[in-house]
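Presented below are the structures under discussion, each in the form of structure tokens.
You will see two complexes here that share chain A, one where it goes with chain B and one where it goes with chain C.
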Partner chain A sequence: MEQKQLKKIDIIFGWDDKCTPIQVVEKTIKKTPENIILDMIDSGLKGRGGAGFPTGLKWKFCRNEDSDTKYVICNADEGEPGTFKDREILDRVPEKIFAGMTICGFVIGAREGYMYVRGEYNFMLKALDKKIELFNKQLRDLKVDFQIYLRSGSGAYVCGEESALFESMEGKRGEPRNKPPYPTVAGYNNKPTVINNVETLVYTSEICRMGPEQFKALGTKDSRGSKVFSVSGDTPIAGIYELELGMPLKDFVEEFGDGDTKAIQVGGASGHCVPRKKFNDTIIGFEGIPTGGSMMIFNSSRSMYNVLHDYLEFFTEESCGQCTPCRIGCQQLLKGIEAVKKGERPPTYLDDLKRLTSTMKIAAKCGLGQSVANPFTSIVDNFREEIIY
Partner chain B sequence: MVNLKINNTPIQVEEGTTILEAAKRLNFRIPTLCNHPDLTVAGNCRVCVVEVKGARLLAASCATPVSEGMEVNTNSEKVRIARKHILELLLSEHNADCTKCFKNGHCELQELASEYRFGDHIFIDLVKAKDKIRDISSPSISKDASKCIRCQRCVRTCAELQSVCALAVANKGDHQVITTFMNKPLNDVVCTNCGQCINRCPTGALYERNYIEDVWHAIYDPNKFVVVETAPATRVALGEDLGLDPGMRVTGRMVSALRKMGFNKVLDTDFTADLTIMEEGTELLTRLKKALVDKDETVKLPMMTSCSPGWVKFQEHMYPGLLDNLSTCKSPQQMFGALAKTYYADKINIKAENMVVVSIMPCTAKKFECNRSEMRDSGFKDVDYVLTTRELAMMIKQAGIEFEKLEDGNYDSILGQSTGAAVIFGTTGGVMEAALRTAYEIITGNEVPFTNLNIKPVRGMEGVKEASIKIKNTKPDWNFLEGVELNVAVAHGLANAKLLMDAVNSGKANYHFIEVMGCPGGCIGGGGQPIPTSAEIRKRRAEAIYAEDMGKPIRKSHENPEVTEVYNEYLSHPLGHKSHELLHTHYKVRNRY
Partner chain C sequence: MTNTEVLIHELVEKHGKTRNALMPVLQGVVAREKFLSEEAMIAVARELDLSAADVYGTASFYTFLDTKPRGKNILRVCKTISCHMQGKDAIIRAIEDHLMVKVGETTHDKKFTLLTANCLGWCHKGPVLLINDEVFPSMTPEKAIEIIEDFSKKTN
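The block that comes next holds the complex of A and B.
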């Protein structure tokens, strides 16, 4: 398998005075939408929110929809535990996001873009609003028929799920919808919608600035480019790092660990737990373990029972509650490991619970319930004795 | 058309068909819980998941449209395990005290559980003690949160069919509940008591406040004279809860059963339905005269019917500005109670305080209505107990009566005879049709100009129906109506009523008379009717109602000889002094929260 050395990159937060975000817009809209889509597809950019859908294809699908009204939405509902990179991007280079949204709007034929910012980031709204106002004015000056608006969430994790986000924006209870239809066909207000993560949008504008070649040169065949990681936990240098995709976890631990790393939770609470013995052959990327950016490092002082318990408490509370596998499944997993810990259920009950997670993975309505299996099985499989005793 | 295979059987269906519907056509039953034919798709219980070849996830068959070349397996190993898990999860959250449950034997979850036989139920019991405290604040609807499986059928019913939104989803995750505004008792929120939520609740989480024991107690009490009245729509639906097919007319058997149960007199709400037409028809004509001839601007038109207590309470909450448009007539149930404890009690020499009036209704809102403080014009509670069609079926079973083998019985007299115009009160458009049959004849002396008196434009299940009748050849007293186009509208289900009221409020609508029934289909689809309900079942009940009408020797309310007798002996004339005292009422403005 193709592997890359750990390499720090500076695309996302870098600033090119000769080609500012608004200038990227000005330059890009001289191309045809089809060519921009080709560039996106050529770059190999996949969604940076975690699910990894090819961005160019998403734009293409939406462009092909026949509708008077379409929308671009920036998903800034950064709620995954252990992820804080979008906050930094929103704070430092929001213009790049606006540029990405505008270019997307130009490509798909949307005149409105919305930024849905998680409730906990409300303190940023004022500053963002000012910057949006300025950017909107610049767009009007350029005679670009696209304006950006701000929307705020209210603190539900599930609203980061795209269809729950639309429901929330429409003023309803934030509950995921049935799919199909997908957002590119019927999203916000049931109109064709492209919804991209903050970081993805920044990369789209950067790809337009520097061309797909430079982006493509980074990463591996399946995971092109770089990605911003939120590093937290037992590390002396917690923070935000942009790294090339395709690196082995071993290199990552060497760079960021405290010398006593027992496990890394890749991708936040809904991601996978990788134990020390698997550091060598785990690659961070779509061919290995994909991630929305959260890297939580645990050293040997941590109880993996407590880690799993925390995650399950989180899911139990943050499930929207509409579908059975997720609402009740999460509660059963939480109560189940508690019962095993207390000796009220035999250790083999963990296997019953693992079978339950296989059902949740394929029968829950949205990604939230489907992904609870990831932390559960990876922690129970690798740290079974810590759960039982 | 789309070609697909379900369990290796090829089938061709229209684009947009769901996997569930396609499977049904091939006679593959896929279990469902949150799905209901009257409601939008939710896809949240996940019981109906199926495997689609090549897909990573199982698909909720109720929410997934078919696609070309799809290969579906409705009973693969994955599907079976998932379905079993999902049912086990639901049971772990459900207070499964089935033998003590009011819905015992009528519960969709119980049915599925008995199919799967969860002997070694593995999961931990999650039922919260506080949820076991039932909400019995409402005289109509009881709510037991410990039985709720969060399918949201009630929530969708209340929002989509009724536009009331008394029930909603609150909180998330393990705290998610189906509840009322601010978690208040049902009696204290904007609830019309229509009971449509009960009709669609798959478990025992919502059920009628039942008065079965009270009624038995009254029957057994030698000092009580128990009179029963039966609503038009119960007679075409009762059979469904007693092993018969939807649409069976069981009027005679119902009368026999009631008599066998020990009711002292078996009388008919249909009688007071005819009486309602006399009062309400006269009220309409009076209003028209005041508006058109006297140019009295205080007279409110369009006049609106007031037989449906769910609708009346809806109006009191939502459109208080239109309360003067409501007919002041009490509903037939309450007219009956008021007459029974005055005129009738005198006539048969029974003291009103010893008389108990029980009414058998397709309705839960009637339970609320009989408890309204205005409904005591006889000096007593005019109607003591209201039983739903379902409760009556239970009592018939409890009494050990073999319903199917009963001979037809006849109603007692007086207050027992009725016309075809009365029985059609049971379905949407019926009150309008009955009123037009009588009003037109009063005005012109001729029958309404429709074949066999069947006023087809106001029939059927369309949400809002409109009709116009041109009045010709009036009698001298009514010549101000000569050539007038009488515009009427009919709505059923409160969501449709809302459309109509908004049209009235906007001034765009130019109606003289509006009939509204609170429940979809009218009383035949009432909240007290046998479960399940669907458009098809309601259609068959409606057909039975119209068949009952055609079978009646008299089909116009004003020709009911008992009605004439009551006017001659007691009330004197419609809208007379006694009528005002006993048969009419007023309404009150209620809060919107």
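The block that comes next holds the complex of A and C.
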């Protein structure tokens, strides 16, 4: 398999004085929407929020919808435990996000863009609002028919799920919808909508600035480009790093670990736990373990029971409660591992719980309930003794 | 009209008389009053021409839209894994001892409510404490108490 070495990149936070975000917009809208879509598809950019849908295709589907009203939404409801990269992007280079939204609006034919920022980041709303106002004015000066508005969440993890986010913006409980229809057909206000993650939108404006070739030159066949990683846990250098995709986890551990790394949780609470013995043959990218960017490092002093217990508690609290597999499933998984730990249930009960997670994977309505199986099975399979004793 | 009704009327004028304005309106009330009283929710329903049950339904879904009375300052300690590993338990214990309340309770002088929160997005600088909308990363029990004392002096 194609493999890359760990390499630090500086695209997201880099600043080009000769081509500022508003100048990228000015330059890009001279092209046809079709050509911009081709550039996006050519670049191989996939969504950076976790699900990894090809961005160019998403834009194309929405462009093909026939509707007078369409929307662009920036999903800044970053809530995955271990992820904090979007906050840094919102703080340092928000203009690049606005540029990405505007270009998307131009491509699909939308006049309104919304940025939905999680309530935990309320402290940055004032500054963001000012920057949006300035950018909107620049757009009007350029005679671009697109304006950006700010919305905020109120502390619900599940609102990061795109359809729950629309519900929240419509003044309802943040309960995910059935799919299809997908957002590109019926999203916010039931109108065709493109919803992209903060980081994805920055990459779209950067691809327009530097051309798809330069982006494509990074990463592997299945995982083009670079990605911003949030590194936390047992590491001497926790923080935010943009790295080329396609590196083996071994390289990552050598760079960021504290020399005693036992396991890494890739992709936050809803991601996978990779134990030391699998570091060599795990690739960070869509061909290996895809990630929204959360890399949490655990050393040998950590109990993986506590880690799993924390995750399950998190899901139990954040489940919206709408569908039974997720609402009851999360509760029972949490109670289940507690019972096994106390010896009230035999160790084989863990296998019953694993079957429960596979049911949740099929039957839960949205990504929240479906992905609880990831941390559960990867931790139970690799650290069974720590869960039991 | 009461102060709350005036505030709600202003918020509806600003955000529009549509269901889409419900979240910004509720957030505006919480920003000033810290929680949504029954009176406030009924007034919002009247102004937006919704049923009060609809308003309560939405409000009760969101952690930050409290429907129970809260203190003038809301303390939220992040309890998710990274902050857990970096010592959030010690922070919570220190605050509990200092304010003489448990998590979920409000002090007698109504100055503080102590709560925990799920991941606040500061995993590289934990443990983290959110006071109202302000963030305080890399907390120690001593620093947390010092900051809370500062807030106590600023609050009447």
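What we mean here is this: the second predicted complex is superposed on the first by the 389 of 389 C-alpha atoms of A that agree within 3 Å, B and C clash if a C-alpha of one lies under 4 Å from a C-alpha of the other, contacts with A are read in each partner's own complex, and residues count from 1 in each chain.
FYI, a residue touches a chain if its C-beta (ideal position, glycine included) is under 8 Å from a C-beta of that chain, and two chains touch if they have at least 3 such contacts.
These numbers were taken from a predicted model, which means no experiment stands behind them.
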item: Partner chain in contact with A:Thr348 - chain B first, chain C second, else both or neither; value: neither
item: Which superposed partner A:Asn64 touches (first chain B, second chain C, both, neither); value: neither
item: First, second, both or neither for A:Asn35, with chain B first and chain C second; value: neither
item: Which superposed partner A:Ser300 touches (first chain B, second chain C, both, neither); value: neither
item: Touched chain A residues, chain B compared with chain C; value: C
item: Touching partner for A:Gly329 - first (chain B), second (chain C), both, neither; value: first
item: Which superposed partner A:Ser232 touches (first chain B, second chain C, both, neither); value: second
item: Chain B versus chain C as contact partner of A:Gln370, first or second or both or neither; value: first
item: Touching partner for A:Asn178 - first (chain B), second (chain C), both, neither; value: first
item: Set of chain A residues, in rising order, touched by both chain B and chain C; value: 156, 173, 317-318, 320
item: Chain A contact footprint on chain B (complex, rising order); value: 41-47, 49, 56-58, 60, 63-65, 78, 81-82, 85-86, 89-90, 92-93, 122-124, 126, 149-150, 152, 169, 171-176
item: Residues of chain A that touch chain C when the two form their complex; value: 78-84, 86-87, 118-123, 151-157, 168-175, 189, 230-234, 238-240, 269, 294, 296, 302, 306-307, 310-311, 314, 317-318, 320
item: Residue ranges of chain C in contact with chain A within the complex; value: 18-24, 26-27, 30, 57-58, 61-65, 80-82, 84-85, 117-126, 130, 133-135
item: Interface residues, chain A side, partner chain B - complex; value: 156, 158, 173, 178, 180, 315-325, 327-332, 335-336, 339, 349, 352, 355-356, 358-359, 362-365, 370
